[in-house]
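Note that chain A is present in both complexes that follow, paired respectively with chain B and with chain C.
== the complex of A and B ==
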């Protein structure tokens, strides 16, 4: 059951926002109810404040169209794997774009445990920086998860600004990523931490890239722990600041080689226990000395370099945590208020937090933010 | 109610498979006793078709005339659960989660566990608990080997209803687990 490890929750579901989202409600605010339902709801509610029981609430959600396949129009395939197929779609209720993840159900297996755990996890996560699960449709042949549609990832974003992001935007995106991860740490309380191995496949069964993996995992550690994610965060900070991936290895050996060449070959001092690691010893890497990161990320300020350094520590006990990094000096310039916004609110609910135009940004604003002109309350994201 | 017999030594429970046998047995005893009292102390007979044995029999054999009217003895519940647990090689941990899911179902679905539905509700809870909590996941079809007369279609449909009624909330926080474990 490795598919629903928290690592995936963090990296696949963390999202960045460019446009403010108002407080989340259980029903989308821009929902368009069919007139017959509206009529029914009005007729049925002589006491509008009376709380609905679980069953009747569910029945009325179903009347509206939740949990029904016909509520969503499939627009095109986004990706396919052996476990699931993801389609772009549109909700007839809100006219919003959605991502429909269809999980095929094996007759003999029933609902896959990974899918059940995934739904349970995602239903419990309500955070502005974690992708929202809107609806679930469960039929005898397939389980369809309806997610909000995110139309751009980090790579596309960087392509769009020709790999030159404004450093102030890098900071805002980093903060959002760490917020998503810090929120995710609460998962530990859920008692759902059954799948604790490091995933090697994505939800759609693609092999996970090696680029964001820490050396301890590359050297055979399979235990999932939160510092694993923090290494990847460091890689992403570098990638946003420089426009290119930090350690783009294509094999485990090459990946480790790239890491050691920049960060220095690990020693008992920088990485306790490493000299006893058989796998590490078998590679016989040369003794590289650590290089100064500032020479590689000149656009990052001193605090940023310090954060990057603590994210890329070999010793997992010394690697900075998501919570601690939110309090890092690098983010001081975002102000104190950013620490008191509720989980479900976007960082852009603060008027001081705004994105700058990226220096390398392609020709016009509109081709970059295609929907911004319409003033719709639609979310967009990088991840 | 149940705690008297129960000493909790988690090291024995987890590490030693020979010692864990009696522990599994006593856990199943406690869990089935809790189910027994749920049936005995119910206020009404609210049920759902999917769990009704009259509509979805678990066996082709005829049931006694008073089967759907009489509360099952603790022994009967215990034997039913023990058969499933030993055939599917489930753990004591799984038995506790079974009880959590069963009680959650009764609350969420607003139904009562009664003579006509207890077997299917217990089966559904075990099926879900074993799938979500045991590392070697049991497939729905495996239960058709244990209970010869049921079909995998029936198991799939029951699982679907169960999950929907639980609203996919299969979470068992450590605190809840501990509470059930010690109670």
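== the complex of A and C ==
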């Protein structure tokens, strides 16, 4: 069966913002509603006060098109799996683009676990760097989750700028990713005791790439802990700064080999308990020495290299946390105010935070290298 | 519950506990106005029996009863439908709280002796409709802390070497810890049987279960400063809950 865990959810939900938008959880802010209906909606108390008032509440929400499939127009398929199919769509209510995630129900006994947990989790999170769930529609055959449409994920962004990102943009994107991970997200799935394991499938049931997995997981740890995400964050920092994936292994053995060759083969000192790990011992890896990261990520400054080093520590207890990394010297140049903006506000609400034009951006790049198509469609993505 | 699920032992325990206490302040209002309130005890027991048969975790059982309470509080439901509602609450809570492979399968559920003796059968379609109705009622948010979510955290410091037994130093700490766990579980189940406990915050009910266990185990002081500090509740605040549990 599929598992739902914060690792999966955090990589799914964390988004990068390029424009200044302040968001609301339930209704999009630019929703085009007649004033009298808006007024009526605001009058609605969230909990019905008397028995049997559910029908009337439901009627008023569906009057304006919420919870109805015909409110959304399908534009094209974005991805498909055994559990769900994701479509690009448009809301007739707001004219905004949306992502429609259709979850098939015919093979399930009632509502699927994954959907219940995913929606509960999202209903509990209000954060500018976490994807917004606008609506839920159900029929007898399928359940449709309506998400805001994200026009670009990291993969597309890197493709668009031909893998050459401005280093100041790398910093801003990195900060946003860590903000999402440091917030309530890390706790959201924890407080309630439940199965926590590292996912091996994405929401559309594709096998999750190994590239962002820490060695502890590759060596058999199934326990979910937040440092798992932080390793992946390190891999993403490298990828943004260099334009190439850090450890693009296609098998577990190859993945571990790539990691050890760069970071050094783990020892009792760098990774307590490793010599007792049967799986590790059975691989018989050579004793590599750790390489200096600066030689591999020359565009990253000293503080950036230091952050990267602490993200890629073998010892999960020493690996830096999301909160601590937000306070890392690497982000000092973003100013102090960035730490006091509310969770629901975008970092771009600060006037000092602006994205630079990326050196490799298509429009500028094409003038010089019109026929260059390098770097396209190579990258797998966790997003 | 499996080892990985023991959040109260991990680095994040303090943060998680704090998040649960915050969530607890935002729980929906319970009014105790169900026309079928007299049947509530029967259906809470049904949920407890079935969840024991499938060895579901306490948090799933408590969440299921809580969902049933809130749902009954809002709607007038026929007795026959209440059976379906109670079982759907259990399956829904189990899907949220238990490991996926622990969630009862309909076929196994329907083959239970108690199901056929009550002439009950839960169909796939019936379950889906009921679950969607429940989810809509709770705005799809099942992140609702119950006493079962708090008790493990409190139990981690419920007994200490410094405690006295009948006024004398303890002979065997391990035994006291074991008895503490058993009594706390017992009181936790007692709290499930009476809707009067819905008056109290879930964290207070959990603290009262630990306090009642300490009373029964004759551990002194009954409510030591470390427990008051961790739970944020004084003995005076716990007293109404403790009295009800010991009644």
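In this section, the second predicted complex is superposed on the first by the 321 of 383 C-alpha atoms of A that agree within 3 Å, B and C clash if a C-alpha of one lies under 4 Å from a C-alpha of the other, contacts with A are read in each partner's own complex, and residues count from 1 in each chain.
Basically, a residue touches a chain if its C-beta (ideal position, glycine included) is under 8 Å from a C-beta of that chain, and two chains touch if they have at least 3 such contacts.
None of these values were measured; they are calculated from a predicted model.
Asks: Counting only touches as set out at the top, which of chain B and chain C does A:136 meet: first, second, both, neither?
Replies: A:136 contacts both chain B and chain C.
Asks: So in the superposed three-chain picture, is A:105 touching just chain B, just chain C, both, or none of them (first/second/both/neither)?
Replies: In the superposed model, A:105 contacts both chain B and chain C.
Asks: Taking the superposition as given, does A:124 touch the first partner, chain B, the second, chain C, both, or neither?
Replies: both
Asks: By residue count, which of the two partners contacts chain A more extensively, chain B or chain C?
Replies: Answer, by number of touched residues of chain A: C.
Asks: From the superposed pair, tell me which chain A residues show up as contacts to chain B and also as contacts to chain C.
Replies: 1, 54, 58, 105, 108-111, 113, 116-117, 119-120, 123-124, 136, 138, 140, 190-192, 194
Asks: Going by the contact rule set out above, which residues of chain C touch chain A in the complex?
Replies: 1-7, 10, 12, 15-16, 19-20, 23, 28-29, 33-35, 57, 59, 73-76, 88, 91-92, 95-101, 103, 105-106, 124-125, 127-128, 130-132, 135-137, 139-143, 145, 149, 152
Asks: Which part of chain B faces chain A closely enough to touch in the complex?
Replies: By the definition above, chain B touches chain A via 108-110, 127-128, 131-133, 135, 137, 139-141, 152-153, 155-157, 159-160, 163-164, 167-177.
Asks: Provide the residue numbers of chain A that touch chain C in the complex, in ascending order.
Replies: 1-3, 46-48, 51-52, 54, 58, 105, 108-113, 116-117, 119-121, 123-124, 136, 138, 140, 184, 186-188, 190-197, 222-226
Asks: Which positions of chain A touch chain B when the two form their complex?
Replies: Touch residues, chain A against chain B: 1, 53-55, 58, 67, 105, 107-111, 113, 116-117, 119-120, 123-124, 136, 138, 140, 189-192, 194.
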